[in-house]
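Read from first to last, the chains carry the letters A, B and C; within each, the first residue is number 1.
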Amino acid sequence: MTDFETELPKLASLAYIELNKDSSEQLANDLSSIIDFVTTLQEIDTSDVKPLLNPLDRHQPLREDVVTEDNQVKALEQLAPAFKADHYLVPKVIDKGE
Amino acid sequence: MHTLSLRALSESLQNKSFSSVELTQHLLNRIEKHHSLNTFISVSKESALANAKAADKRIQEGKASLLTGIPIAHKDLFCTKESTTTCASQMLANYTSPFDATIVNQFATQGMVQIGKTNMDEFAMGSANEFSHFGPAHNPWDSTRVPGGSSGGSAAAVAAGLTPLATGSDTGGSIRQPAAFCGVSGIKPTYGLVSRYGMVAYASSLDQGGPIAKSAEDLAYSLQVMAGFDPKDSTSADQPVPDFCSELKTSLKDLRIGIPSCFFSPDVDEAIQDSIKAALKVFEGEGAELVEIELKLQPYWVPCYYVIACAEASSNLSRFDGVRYGHRAEHAENLIDLITRSRSEGFGVEVKRRILTGTYVLSAGYFDAYYVQAQKVRRMIQDELLASFDNVDVVLGPTTPTCAFPIGEEIANPTQRYLADVFTVAANLAGLPALSIPAGLNENNLPIGLQLMGKPFSEPKLLGVAHAFQQRTDWHKAMPKEYV
Amino acid sequence: MNWETVIGLEVHAQLNTKSKLFSGASTAYGASPNAHTSFVDAGLPGVLPVLNKEAVKKALQFGLAINAEINNHSYFERKNYFYPDLPKGYQISQFVRPIVGEGTLDVTLSDGSTKAVSIVRAHLEEDAGKSVHDAHPTFTGVDLNRAGTPLLEIVTSPCMYSAQEAIAYLKTLHQLVRFIGICDGNMQEGSFRCDVNISLRPAGSETLGTRTELKNLNSFKFIEKAISYEQAKHQDCLESGKTIIQETRLYSPDTNTTHSMRSKESENDYRYFPDPDLLPIFVSDAWLTSIKDTLPKPPSDIKAELQQHADLKEDDISFILATLETVSYFYSVKEQSSASAKQIANWMKGPYAAALNEAGLSFEHPPIDANILGDLLSRVTSNKLSSNHAKTVFSKLLAGEGALGDIIASGGFESSFDQEQLIAIIEKTITSNPKQAEDYKNGKTKLLGFFVGQVMKQTKGQANPADVSRLVEERLR
C-alpha cells in the first residue's frame, strides 16, 4: 500500500503543485482514500482484454496540408500576463539545448 | 413567459405576442431578482439586448428559425468571445476567449440570445456545484441544498425559469445529475455527437456537451442544433445527423425496457425507488415490456471512471502554467516558482486532488495497475452494456441514489461524493447516450430524476420514450412555487 | 584496456509540410515571433488537435525508403512535462506504437565498405517552441512559431562504433530525407537535429556501458568533435575507476567540450498515455501502395544509375548526388546534349560550381539553364566549339551578354572544323604519312604526338587536341 506521506511530494513536484504544511496532511489522507477506493479495480481479471482508448470505434480523420490560420499575435498578447516584443516572458531559464 | 416551452416561445415570437427584447429583458430581470441562487457567473445585459434586437429584425424579415430570439445560457466552460470563460476557477477568473466554441456558434447562428455564463464546479470536477471559485449555486427547490454538479448553475437556472435553455457538459453525470436534483430534463449525447471544440476539457474521452431544458421535446430541438461532425474535433463522429424529433410520436408498445437489478439497491432512497416503480407502471400501461437485466460490473463503474477521468484531467490541466493566459503568480523567483505558485493559487482543492490522483495513476510503477487496468475494465464495461442492448431497447433506472443534499454537508472523505455518480458514469465510460427527466418529488418536495440510457446514436428513440412519459405525467411541469 | 565506443543516434527531422502537425498554422521559417502561433499551438483552453495528412504521408515515405515495417495502426501519446516552450504541458508524440517500425539504411563508409545501420523506429511528434535568452536581462522570451511543427524522430539501435561511422550514417540519412522530399535538411535552421547516445565498453564485451546523451549539435563537424571529446572523457573516467553518470550533456562549440544539463526535464517521469483527443491512425494497404508507387527515387538508386556510366568516377558521382537539384540538372543536361556524362560532370564540378560559389547560388536556381549548357557542350563534342572558347562563352553567358548563338557568332568562336571535316583531315594526314603510321602500329606509340601536331597545324590550332588525339588513335589501330 502506498504511503502518501512520502509519495505526495513526488506527485506534487511532477504536477507543479505547491504543498504547504496545512494542506499536505489532508491531501495525503484524501489521496489515500481515493486510491484505496479505486484499487478495487485490481480484483478483475483482465488478462485477455485490450484497453479501450476511445469509445468511438473509429480512425483519426486527416486534414489537408493547407495553411488556414492568420497571424494571431495581437489576440495572444491580450491574453498574456507578460508579453514584450512579440515574446511571452518567463523568468530566465537555463537552456535545455535545442 | 418563463414557463413556456421552446416551441411556445417560438410561436409567441413569430406571432408577436412579445418580442425577443421583451423576453430577454424579462429574463434578465428575473436573473437579477434571483441572484442569490448564484446560478450565473456573468450576465451579458448589453450584448444580449443587442442580439435580441437583431433577432427581432430577423423574425420581422421572415428569416427566423425555430430558436431565433430565444435566450440561452452557456455553462462557463464553453468558450465565448462575449463575456469571460472562467470554468468557475480563480485560474481563469478574468479570461476572455478569443474564439467561440463550436456549439456556441451553432446556437448563435440560429439567432439565440446568449444571456450569460452559468456557475459550475471548478473545471467540471464535482457533483454539487460546491467547488466553485464564485461560491456555490443553490437549488431553487430548497436554497439550502445543492443543485447538483458540475452543471449546477445551468440546471438551477432552467428550473427557476431564468432561462428556457442552458448548455451543460457531462463527464460522469454532470448534466443528468443536476437535472435530476433540479427537476429538469437534460441529455448527455453519444460520445462524438456534439463537438468538443471550445469546451474546456476535463476528461477528453468522457466529456460531452449537451442541453438542459424543461422537456424532452425541448432537448430534441436543442440537440438538433448542437449535433454534427466538426472537422476541428478529431473525436467528433462523421455521420449524418438524424431528426431528433422523428420518434417523439412513437408509441411505447413493445418497447423493451431493461431494468438493472443493481439500480434498486438499499442505498437508493425509498422515495426514489417508489417514483421509478410508478414510472415503470406508466410504461407498462402503454405496452412496454420490462426486462430485468444484470450489470455485474456496476460496482467497478465509479472507480474505473475516476482513474480515467483524473488521469486525463491531470494532463489536460497542465496547460495552466501562468505563461500564456490565466492567473500568474507575482514576484516569481524562477520558472519553477512561477508555474508552481500560479497553479497552486489558481486551482481549488478538488481540482488539485484530481490532478494529483491522475498524476499518481499515470506514474511509473502504477501505470499498469491503475491506468491500463482501468482502460481494460472500461472495455469490459462497454461490452457488457452493449450486450444488454441485444435484449432491450433502453435501460432505465434512477439518475441518482439520493435527492439534493445540503450545501456544506460534512463528508468523511472525498470518495463519498463520488457515489452520487454511481448510476451515471457508465454512459460516459461506454460512450452511450443517456438522459434524465423528472419522475417525482420526495417527501421534502425535492425532485427525483429518472435516467434512460440507449445504444450509440439512439437519441431519437431515447427522446421519444422520454417524451411519451412526459405526455402522460406532469412531473416535468412542476416548478418551485417562488419561481412560477 | 581496449575500449569499444558504441553509438546510437536520434535524429529529429522537421517534415517540410506547409502547415503544422495538428493545426493549420504555417511552418514557414523566419516569421516574426508568434506570427505563426495559432490558438491550437498556443494551447488555449478548449482547443483540439487535428492530424495533417501530408505529415503522415511523409513519415510513410521515409518508412518505405528504408524498407521498414509500417504499422497500419499506430497512435499518439502524450509526453507530460512542464516547460515554457511546451504550451500544453505535454508533447504529442508516439511511444508504444510508432507509425514506422524497424528498417535499415545502407551506409557506405570511407573505406568503401557498406554498413547496414539498423533503424529501430521512426515516429511522428510535434516540435516545441523556442526560448530566447539574450533579448532581455531578467527574462527569457518564448516564441511559439515552431511549436507544433511536424517532426519525424528517427532512432537507430546502438550499432555504430566510431565517429566516422556515425557521420557517414548521418550524411546518408541527411541525403535520403532531402532526396525523397520530406525534409529540407537545413541544419542551421534546425530542420535536421542530431542527438548522440554514446557509451564505452571493454572490447569484446556484450553489455552496453552507461551512456551519455549529447545535444545541441548542429553541424556534422561539431558532431564529430563532440563524439571525440566525449569518447575521451568516458575513457578517462572509466580508466580512473569512476562511474559514468547517465545524463544529457550539451556540446559547446566555442570550447569544444560538453557539460551537464542540469534541467529538471532529464529526471522526469513523462507519464506517457494515449492522447484521448486523437483517434488511432489507420494506414490502408491501398494508400501505402500508392505512396510506394510514387516514392521519389532514393539516392542509392540514383547512385546505381550513375554508376552505369563507366566514365563517371566516385567523386563525380558524389558531386552530382550532393542535392536533388544537382541530380536533376545533370540529367536535364544529359537529355538535351550529345555530351558524355563525364564531360557534363566536369563542367558542373568545374566552371559551373566555381561560378555558383562566387555568386552564392546553387543548382536549385541555376543561372544558366540546362538546355543552354547542353547546347554548349554538344557543340564542344561535335567540335563546333573548342573547349577553350566554350569557357569564354560560358563566362559571357553568366555575365548576361546574350543568347548562346549570338555570343558565339559575334565573338567568332565557331570552329571551322566540325567532326566530319576533322576526320577527313586526319585520314588524309595518315595516308600522307604511311611510314610513321607503320612505325606507330609497330610499337612507336610516341608518334601519336606527331600526327596530332600535323592535324593541329592544318586546323590552325582550332581543333580540340584531345579529340584529335582520340580520333587519330582510333584510326591508327
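To be clear about the criterion, a residue touches a chain if its C-beta (ideal position, glycine included) is under 8 Å from a C-beta of that chain, and two chains touch if they have at least 3 such contacts.
None of these values were measured; they are calculated from a predicted model.
Chain pairs A-C and B-C differ in how many C-beta pairs they share in contact, with the greater number at A-C.
Chain A has the Cα centre that lies closest to the mean of all protein Cα atoms in view. If you average the CA atoms of chain A and of chain B, the two centres end up 24 Å from each other. Inter-chain centre distance (chain A to chain C, centres taken as mean C-alpha positions): 39 Å.
With each centre defined as the average position of its C-alpha atoms, the distance from chain B to chain C rounds to 56 Å. Shown for chain C are the residues that touch two or more other chains, namely 39, 42, 44, 50-51, 80, 82, 84, 142, 269, 271, 276, 278-279. Annotation for chain A: residues 14, 16, 53-54, 56, 58, 60-61, 63, 72, 75-76, 79, 82, 88, 90-93 touch two or more other chains. Counting partner chains per residue, chain B has residues 95, 98, 205, 231, 234-235, 314, 318, 321, 323-325, 335-336, 339, 359, 363 touching two or more of them.
Of all the residues in chain C, the ones that touch chain B in their complex are 39, 42-51, 78, 80, 82, 84, 87-90, 142, 264, 269, 271, 273, 276-279. Chain A makes touch with chain C in their complex at residues 14, 16, 53-54, 56, 58-69, 71-73, 75-76, 79, 82, 84-98.
Put simply, chain A touches chain B in their complex at residues 2, 7-8, 10-12, 14-18, 23, 27, 29-31, 33-35, 37-42, 44, 46, 49-56, 58, 60-61, 63, 72, 75-76, 78-82, 88, 90-93. Only residues 17-19, 23-26, 32-39, 42, 44, 50-56, 75, 80, 82-84, 130-133, 135-136, 138-144, 190, 193, 215-216, 248, 250, 261-263, 265, 268-269, 271, 274, 276, 278-282 of chain C touch chain A when the two sit together in their complex.
The part of chain B that touches chain C in the complex is made up of residues 77-79, 85, 87, 92, 95, 97-99, 101, 196-201, 203-205, 231-235, 311-312, 314-315, 317-321, 323-325, 335-336, 339, 359, 362-364, 367, 371.
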